[in-house]
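As written, the chains take the letters A, B, C, D, E and F, and residue 1 is the first residue of each chain.
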Amino acid sequence: MNARTLDPAQHLIEREPYYEPIGDEIQLFEAAYRQQIPVLLKGPTGCGKTRFMEHMAWRLKRPLITVSCHDDLTASDLVGRYLVKGGETVWVDGPLTRAVRAGGICYLDEIVEARKDTMVVIHPLADDRRTLPMEKLGQLVEAPPEFCLAISYNPGYQSVLKDLKQSTRQRFVALEFDYPAAELERRIVVNESGIDAGMAEKLVRFAQMTRNLKGSGLEEGASTRLLVHAGKLISSGVDPVVACRSAVAQAVTDDADMLTAIQELSSSLF
Amino acid sequence: MNARTLDPAQHLIEREPYYEPIGDEIQLFEAAYRQQIPVLLKGPTGCGKTRFMEHMAWRLKRPLITVSCHDDLTASDLVGRYLVKGGETVWVDGPLTRAVRAGGICYLDEIVEARKDTMVVIHPLADDRRTLPMEKLGQLVEAPPEFCLAISYNPGYQSVLKDLKQSTRQRFVALEFDYPAAELERRIVVNESGIDAGMAEKLVRFAQMTRNLKGSGLEEGASTRLLVHAGKLISSGVDPVVACRSAVAQAVTDDADMLTAIQELSSSLF
Amino acid sequence: MNARTLDPAQHLIEREPYYEPIGDEIQLFEAAYRQQIPVLLKGPTGCGKTRFMEHMAWRLKRPLITVSCHDDLTASDLVGRYLVKGGETVWVDGPLTRAVRAGGICYLDEIVEARKDTMVVIHPLADDRRTLPMEKLGQLVEAPPEFCLAISYNPGYQSVLKDLKQSTRQRFVALEFDYPAAELERRIVVNESGIDAGMAEKLVRFAQMTRNLKGSGLEEGASTRLLVHAGKLISSGVDPVVACRSAVAQAVTDDADMLTAIQELSSSLF
Amino acid sequence: MNARTLDPAQHLIEREPYYEPIGDEIQLFEAAYRQQIPVLLKGPTGCGKTRFMEHMAWRLKRPLITVSCHDDLTASDLVGRYLVKGGETVWVDGPLTRAVRAGGICYLDEIVEARKDTMVVIHPLADDRRTLPMEKLGQLVEAPPEFCLAISYNPGYQSVLKDLKQSTRQRFVALEFDYPAAELERRIVVNESGIDAGMAEKLVRFAQMTRNLKGSGLEEGASTRLLVHAGKLISSGVDPVVACRSAVAQAVTDDADMLTAIQELSSSLF
Amino acid sequence: MNARTLDPAQHLIEREPYYEPIGDEIQLFEAAYRQQIPVLLKGPTGCGKTRFMEHMAWRLKRPLITVSCHDDLTASDLVGRYLVKGGETVWVDGPLTRAVRAGGICYLDEIVEARKDTMVVIHPLADDRRTLPMEKLGQLVEAPPEFCLAISYNPGYQSVLKDLKQSTRQRFVALEFDYPAAELERRIVVNESGIDAGMAEKLVRFAQMTRNLKGSGLEEGASTRLLVHAGKLISSGVDPVVACRSAVAQAVTDDADMLTAIQELSSSLF
Amino acid sequence: MNARTLDPAQHLIEREPYYEPIGDEIQLFEAAYRQQIPVLLKGPTGCGKTRFMEHMAWRLKRPLITVSCHDDLTASDLVGRYLVKGGETVWVDGPLTRAVRAGGICYLDEIVEARKDTMVVIHPLADDRRTLPMEKLGQLVEAPPEFCLAISYNPGYQSVLKDLKQSTRQRFVALEFDYPAAELERRIVVNESGIDAGMAEKLVRFAQMTRNLKGSGLEEGASTRLLVHAGKLISSGVDPVVACRSAVAQAVTDDADMLTAIQELSSSLF
């Protein structure tokens, strides 16, 4: 077990994370970063947004602090709070504050899942004030030019209750992500799972078939990540049809008819 | 009374738990385990998911830490919290953290019952980062290769409110569980309740009849566990019809008509 | 005033509680107890479920710890919590833990009223693991063979929101309770209220009339307990018609028409 | 200002509270009290339920502890809690516990307004167990024979959300309250407000007119208390029509048409 | 900056607050005060209820303690709570308790906005018991004759959720407030804003026009307070039409059509 | 990193913030400020309300304390609270209190997002009492003449749940904001992003086209802030069409058809 302290300097990513660009997202991110405009990543699950952030953090040589947002994430969880230690009340910075102070990249994953106060606390950081008011500490922290705020969300899951307000989204430059093109996705699957190119090509074709079912009873198609899972099972000796059922079909749906349909797709391929 | 400390090393299962495989679930689990992909168990209540996990933990010689999820289970309940002891604030790891540190298997039973923050806290553990950010402790724990995350849920209970998000489920290899085949189920009932094979066969036939009523007024059919209950009552001298009413019929429904119908089924068999 | 400490040993019931069996419930409970299967009591209010539990506890010579469940009953209320005493944090077992440690009977009355986490915390105790994980204390308590878990609920009050999940109910042997037969109920009323057999017979006939009104504007008929109340008022010199109005009619409904109808029933009898 | 300590012995009512019985409620209460059955008072606001309880407490020479129930009243508010005083944690009994220990009368006013846990905490006190389990203190308090539990509610306000469950109401003998008969009400108004009998008679006639409007746009008619208010304003020199508008009409409704209608009623009388 | 301690004696109002009576409200309040009946003020926003309370407090020479009610106002906020100071737990009276002890006037503004427990805590103070039970302190405070309880609400905003229960409202003498008559309102505007009588008359006429629009797309007409705002802007050199738009039209509505309509009304007058 | 203490005196804005007036808003704000009437700013996101407040604070030489409101902002967050420091309980003023004491400008951004208690706590500050009652500290702070309260909201987002009550809004003079006229907006974009006037003019025309789509599938058009973002990306070398897609189209909508439509608008311009 390896327990690194959450010291921002240690959030530096030392080895280049494997990332295959799908468009001009690297150039756009770098332009926004230089202009100190915060960035919003949009796209379905498992298409590489988190990996992209790791890649950019490595490229820009900035520590990356990632926070997975959820219903119970409070503004204090991000900014910090007083804790009692040995009878003394000491202030402990939250991950957002640590990122601001260290001039790092703070990546709030699935921002729409967060409570409203979490979204509002980033407003003064996300316009040209670039400040983080820490009411409880009595400080106003100014972000250094190296600091960068990035958030992500999946437009496919938007609902009335979980929406990104215009007053939030109109503070960001937005980058769109989607599944990679076939040739590129094949290369990723080979690289990450260790199977051969022929098998990877079949898996990619299989994934595209499931993606076409989206809207016809399937909430979401198979992500690249699921193909990597199937590939890894196959390279561990699991039969491809069984691997597709367990790593892909069962992972995307519980519907019996849908499961049969997807099963037939994989049986026809392997 | 025997109060074992919740030391992960003591969660090792020493005697082989009785488990009859119903398909290739053992091979698939082992492949996913070797490839460090987390596992999702799907299936109805009482069909052996918990027993399977105990069996796999014994097989892989890893401590098993089980958490029953519910509406009020917070991320802190899983990860840990500060407690005040003797005037000092001390950190106490939660069960998920203990499992990660010990390289054990953490099994989150009925994950959809948990609060959303609980589901999100496992995201960085359930992709190739395999890390557990402990914001409050200021540590980022990296899971050792031996660590394994497993979750379960019952697709039959899914609702709009209690759903497994695609961004969660697309991180797992999924194994399907169902009631065992007749011959196998008979063997299990004999083995666990001590009744003879003839009586066990009748109980299995009875269970299958109730399972056919699912959807026609019955929320769920009799699980293998209920057959074992009935068998145990019978081996304690209770009349089989009474045992079926008390251990099976009354356990699956409150509906008067349904109870009569099931009663008639058992009367025709015993 | 007599304030007994909640020491489980002191929950032993020394005198035989008066209980008239209505079927084979005593035999079934004893069989389940010997086989270490938990028990679920079903039935309307005031028909003797609590008294039955006291009787069984006396019979089996085990301490009985009863918890009335409600909306705000947390898992911690059952399992225990840390309290600060004299500057020190000390752990205080909850009633469920005390019952487990003492090998007693823990009776959770009206379980469906409890919060979901309360229902889930009993799962590992209610299957063949028979363990109580105490996450906050860091202990896993194994229940001794003498421990018994019993829960009750009233199927007549079931609603979508307050339901017993299949994954909970399929862990129990279920015993059905109902109002006692006329002759038996008469005997109970005489024994508990001190009125003569003729008056008791009239009260029982009156109760049966109200039970026939269930569904025709009456939520529930008069329970045996209400007959005992009426009997006690009568033996204190209250006129039977007045006693029936105050102890029965007004206790089961607020509806003016229903009150008149029930009043007429009692006027015709006394 | 006079701040009496909430010592139950000091809740004794020394002077006879003025109370005019409207039926056999005094006899019924005394019978229930002797038989140790708890009492439920039903009736509209301002018809004398609280005064009746004060009268009975004086009659039975028991301290009276009244609790006004509301949405946020917890079981702990009734039973007691630990408080930190001078660094020590000390237990402080709640009003219900104080009443039980002192053998007093505990009156829970408007019980349906309370949270569900508050209703359930009185269950073991309200059947023949007559015990108050104090989980947090680790004590089981047995109520002495002098203790009496009384609750009240207004059936006119019942709704699906705020309902008295059968399992609660079937533990009580119920007494019905209503507005007093005209002659009696006149006597009360004279006695309490100091106006003469002629004026009081007119006020009573006025009140009856408003009560007939109940259901025709008026939620509730004028209570006896409002007549006393009007009488007091009149005896302070306010014109009767103005007093009726201010103390009665405006107090029962905001509806402009209804206010005009009631105003016309009073103008025709005075 | 001037920070007065919230000592009730310092809540005495020394200079006569400017108040123009609109009816017999002063006489009625004084009668209710002498008879120790609590008072309910009804009326739209900005028509002078708060100013009236200040005037009456000055007239009766009693300290005035005002509490603006809202959703999160708890009973403890009114009654008081324990605070830890220098390691000791000390009790701090809430504003209601301070008013009771000091024999002052406690004015609960917009009472229907408060939580239900806040409304119930005033019940024993608002009937002839005139006591404030302080459960947490263990005291029962009796209100001295000088104490007066007053509450206000705006019937125009009533909804099912935010309603004054009959059991609350039938404890008060109710005073109705409305916009002052034209001549009176003109005098108020001149007195408070410093503009001349001609301009004030036009503003009053303008206000009446907007009040006629209530129900035809306008939630509420312009209050006297808004006329004073417009008058003050005008006396600061702002053009009357601009002042009417900014201080009145934009303050009462966001609807574009309505804004145009009101704009035309003011253009026609100035 | 630069962490200024939140000392109000340090909230003084030293350099004139760039602001182009769009109407008489500066004159109106100054008149309201002199007359001590609080100010409400209305308008869509990104049209310069925050910048205007910074400009006015600089003009009036008062410290500016800005609070972004949200669902979980409590009255205590604004007013202050007790914190335990080194064993002692010390009071810490909230931002509103600091602004009042320092005679500064307190700007509550997006007030309708705040909880109801937050809105009510400003009532006594927002009428002619100009006082801030600090119940927990036991002080009544009087605002000095220099203090100014300003709030903002976006009428386009109003809903039944998030509404500004008449009793709140009728305390303010209201200033309307909108997108600047074309010529003015062009000047702002040039000044803030560094692109040339021709490019800025095209961007402004593009923004106007998107604003015309409001209501036809677009929640809100492009704000001036988004034009500045696009301009900055362009001046960093990004292609104008790509910049418009990333900084404008993707920032205002997720709808695929809408994105195509906006893309076509920008392609036709650049």
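Definition applied: a contact is a pair of C-beta atoms (placed from the backbone, for glycine too) under 8 Å apart; a residue touches a chain by one contact, two chains touch by 3 or more.
As the structure is a computational prediction, the values presented were derived from the model and not from experiment.
Trainee: Under the document's definition of touching, what chains do subunit D and subunit E have as common neighbours?
Mentor: none
Trainee: By label order, what chains touch subunit A and subunit D together?
Mentor: none
Trainee: For the copies subunit A and subunit B, give the interface type as same if over half of its residue numbers appear on both sides, and as different if under half do.
Mentor: Mostly different residues form this interface, as fewer than half of the numbers used are common to both chains.
Trainee: Could you work out how far the Cα centre of subunit A sits from that of subunit F, in whole Å?
Mentor: Going by mean C-alpha positions, subunit A sits 30 Å from subunit F.
Trainee: Using mean C-alpha positions as chain centres, tell me how far subunit B is from subunit E in Å, no decimals.
Mentor: 60
Trainee: Just give me the whole-number Å value for how far the CA centre of subunit D lies from that of subunit F.
Mentor: Each chain's C-alpha centroid was found; their separation is 52 Å.
Trainee: Residues of subunit B that contact two or more other chains, please.
Mentor: Expected reply: 84, 87.
Trainee: Based on which chains are in contact, what kind of graph results: line, ring, star, complete or other?
Mentor: ring
Trainee: Under the definition above, what is the set of subunit B residues touching subunit A in their complex?
Mentor: 24, 27-28, 31-32, 34-35, 37, 40, 42, 74-75, 82, 84, 87-89, 100-103, 115-117, 119-121, 123-124, 127, 129, 133-136, 138-144, 155, 158, 165-167, 169-176
Trainee: Quick one: which bits of subunit F touch subunit A in the complex? Just the residue numbers, please.
Mentor: 1-6, 44-46, 50, 66-73, 77, 83-87, 92, 94-95, 109-110, 113, 154, 157, 219-220, 222-223, 225-226, 229, 232-233, 235-238, 242, 246-247, 250-252, 254
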